[in-house]
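Two complexes come next, and they have one chain in common, chain A, joined by chain B in the first and chain C in the second.
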Partner chain A sequence: MAALLRGLRVGRALRGFGSGEPRLATCPQCNGLRRGFHCAALRLQEDKDKSIPVPPSSAASSTTTYHEHYQAHPSKNNTATHMQEAPAPEAGAKEAPQPNTSYADQSGEQGEEYETEEQLQAHILNAALDFVQLHGWTLEAISAGAETLGLSAASSGMFQNGAGDLVLHFIAQCNAQLTEQMAEQHNQVQLGQAEPKKTAEFLRDAVETRLRMLTPYMDNWPQAMSILLLPHNIPDSLKHLSTLVDDIWYYAGDRSTDLNWYTKRAALTGIYNTTELVMIQDSSEDFQDTWNFLENRIQDIVNMAGAAKQAASTGEAVAQGLLGAAVTLKNLTGINQRR
Partner chain B sequence: MLRVDHAGEYGANRIYAGQMAVLGRSQTGQLIQEMWDQEKKHLAKFNEILAENRVRPTLLLPLWNVAGFLLGAGTALLGKEGAMACTVAVEESISEHYNSQIRALMEEDPDRYVELLKLIKEFRDDEMEHHDTGLEHDAESLPGYKVLKGAIQLGCTAAIFVSQRL
Partner chain C sequence: MAASIRLLARRIVRDAFRTINSSVSVRIVSSSCPSNLSACRCFSDGAADKSTHFGFETVSEGEKAERVYKVFESVAQKYDVMNDAMSLGVHRLWKDMLLHVMNPQPGIRLLDVAGGTGDISLRFLNYVRSQQERVARRTARANQTPSWQEISTSYTTPTEGIEMETEARESRAVVCDINKEMLKVGKQKAESMGVSSGLSWVVGDAEELPFDDDQFDVYTIAFGIRNVTHIDLALQEAVRVLKPGGRFMCLEFSKVTNPLLARLYDAYSFQMIPVLGEVIAGDWKSYQYLVESIRKFPDQETFKQMIEDAGLFSVRYHNLTGGVVALHSGFKL
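Take a look at the complex of A and B:
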């Protein structure tokens, strides 16, 4: 029975895999351990008298596909390149932590019926966020969160990365929220229901919105930042940061395809990081100092861009002037007349 | 994949610009200008596609900027045959590259990539046209044609390889 359940769960995990959830890039052995805890957590749930439809044929086929999946890790790279070519924005990948409702409908959503391992983890981490103020960004918070869902505290063992998982989940969630808001604004502008904002204003609003999502956790945020700087978390946190900045520029209207693409994103990354640091030690009313700092930094960038443009046009004017002088000289000395 | 195409068109643009800078006022100027205009159209199209699909442009664009211009100007200094030989070599590399992309797309999922396939086929045909034009205009009569062609094609392969990753 447990094996059948396991097969069903991981089969649905495979189908819910969709467009490349980074979390599943761990080794199969670790996943075995996680599934062990997962099953322990699930047995607690079974006591709650839920009937889970188990079609035997799908369980059998899903176990085989599960094995295929774990032997074919390179296929993830293919989906990554598909992501680049398909018109879907990259922000779509960030929506993965949210529940896959199409499968939930199949078996009837009854309170805590979880379809996939990721959804279960996402639910636990969401619940754990409430305990961050109490326990900080730690496994205790995750355990406390798991307990509120009726699972045993040991299910925090599902998270190989511990507090890192919690922080990364939180950032992913914040980024997804921000992207949703920006997409919504974008739609409204397209429908003509709202005025498009100027770039500087848009950037400021976007960064402010995103940083305001941190305010409930501001006391423990330095701890979260240091967790993100741990070597094994750096690739993930950098990826989240770069996707965030790319999304913000995209919705700000940037469509550049030359070196500006890089300079703009680098500039915004700098602004975001420094503003975050300022925010941590800001004790003013409603973080007003932080927003002032942000405003000034964005103004700097705008000024620099303006100055760069001016320098370029000055350079062009000077070059043309020189060319004109050269031609005049050639005329005067009669070189041109030898043609 | 789109990044490499974009970089390729950008480079081709700069090569023709270099050739024009040297040969612009000679008889072949007209011909080179025509081919250059077509490349400009290709580049504009790729700029659009890149922006739509939110693909990162290659970091090496400034490098291709300078390198392309130097290549174009350098071969043009060898005269009309040099410029044509450069065109032949580059267009052959690009056509081959497009062909392999078409093969890859067809293998994966022709229905999904219908638009892209059509576009790449069209561009590949244009590039082949340039290649044939180059041949018509005495590219092969350049002394050391084979050597130059080999060298340029090696450079192109290296550029494609790097742009895919960077």
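Take a look at the complex of A and C:
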């Protein structure tokens, strides 16, 4: 029975050679690597070809994000863009492994595997986002996502943090998208093509843009928030939140180097978290209540900042007044005069 | 007088036979010796001449497979009882841990190599069944308060698509073992547990599996890979039969990390286990082989390297019971 199957396999391999499919059996290592690249390359190609319905902007931004991340590895980027433009999937899949293997020769096997794995994991998580409405933020969504890429459902075992990986990946994606948009706006202002916004308006637009990215997943977002609050996820979720707030303030123009740095970020963190909570319970048309709430909170901060300044100046004026009164008193009583 | 003469005659005849036999055997040995040597020289680049370890003995590779077969043939009837006795029942926890790490989704196909008595496969089927029950309960609870829209759509649509999907995606487990006796014991166990659907029993060699490429979602080998003569061939076969994205999982005895625990473990292995084997199963040598083969198996890091060399990615291992057992897992990407 085994011999029969072996014969069938050999026959298939020979037929494969005839049709021009590369079937290298030089050594198990190379075979595994090439097969890995073949699988990964096919998945990347399918992913680019397939129109990902929800969310479309994040898919486009994810490729550019990866371009930013992997700028140190130009050959990888070339293969990604090359695959995007290649018309026939087979041609793309065949041509893609070749620059990969040359890169592998330069930097060794381990680095290449790691990058393919990370990219593959990111692709699986992107595909899994489509199933969040059906399965929630769970391992089942990841398995369903892996199956759409042609991988077995067992590959969801790669994600040791399970649903946490999916949520953190989504958050990182949203933050990267927002940072990109803010950087673009900043460039446009630099080039003089757009007017610079006032701080309050900028903050409001940034937080609104970021929260609007959650609207497709609003039904399951409470589950995602609870996952982020799990003890083993808290360090990562806090890190994402703090970088988000820092980025928003940076592009709003904040360059403070004193205690203001902390107070501003703390204030914006508070605004963001409370607005998110309001958004979960919001049932108004297009979340209008949430945006009103956000507007009011930012106004509060602005008013408080203004009030703080006023209080400082009032305090200064009062202090000066008291000093003046003390000097006058001293003059009157004659202590100041030198006898 | 006649009796003593008869005895003498018998003794003479016996001695004569013995000398004849010995001379014949000597002649046979001497005649076969040169042919043996020539055969060895002929197979000098074949498997018959290469030697490997069988416990602490050194045997030829062809012989190892045969002797392993005999070991498991003799222990098959008392295999489960001996497992419980030797590990004080902890082997059940190890196998449960394997299933917990695997976390199988419904509809997955499992290949349990060296599955023997079917421990892993039966646990797998239980796990998937209880998961499906949990999902069914959850959907039933959710359907208890349907909204008006859901009720109206249920009137218009003919059948429930999701339910049919879960029915169609039935999980299947295939138990593959080289030893027919072990499979027989496993079949009896499954019948006594009342498990009939979703389980098949196949005789096969781990180094040359009788399955097509890209067939299985998960490949497990629990406490079997140290008995395989060529471990790298078994790993390559695993990579072949796994689907893309499939998972390879291996549960095997490994090196204990803590030195104190290692000394206790060694004492227990070499003093207690063969004695238990003799008392319960009446077989000292098989259990001597078992503990020796554990010492001969590569340690966690080396085995991880071997798995990576076979072409699997994202290879990780967990130590269970302080390193007594290691659970290795890799993915075919």
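Definition applied: the second predicted complex is superposed on the first by the 223 of 339 C-alpha atoms of A that agree within 3 Å, B and C clash if a C-alpha of one lies under 4 Å from a C-alpha of the other, contacts with A are read in each partner's own complex, and residues count from 1 in each chain.
We take it that a contact is a pair of C-beta atoms (placed from the backbone, for glycine too) under 8 Å apart; a residue touches a chain by one contact, two chains touch by 3 or more.
Just so we're clear, the structure is a prediction, and the values are computed from it rather than from any experiment.
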item	value
Partner chain in contact with A:Thr209 - chain B first, chain C second, else both or neither	neither
Partner chain in contact with A:Leu120 - chain B first, chain C second, else both or neither	second
More chain A residues in contact - chain B or chain C	C
Which of chain B and chain C A:Asp258 touches, first, second, both or neither	first
Chain B versus chain C as contact partner of A:Tyr250, first or second or both or neither	first
Touched partner set for A:Ser155, first chain B, second chain C, both or neither	second
Common interface residues of chain A - those touching chain B in one complex and chain C in the other	none
Interfacial residue positions of chain B with respect to chain A in the complex	1-2, 6, 46-47, 50-57, 59, 61-62, 113, 116
Chain C-facing residues of chain A, complex	1-2, 5-6, 8-9, 28-29, 31-33, 35-36, 39-40, 113, 116-117, 120, 139-140, 143, 146, 149-158
Of chain C, residues touching chain A in the complex	101-105, 107-108, 204-205, 208-213, 217-218, 232, 236, 239, 242-247, 309-314, 329, 331-333
Interfacial residue positions of chain A with respect to chain B in the complex	81, 84-87, 89-90, 246, 250, 255-259, 261-262
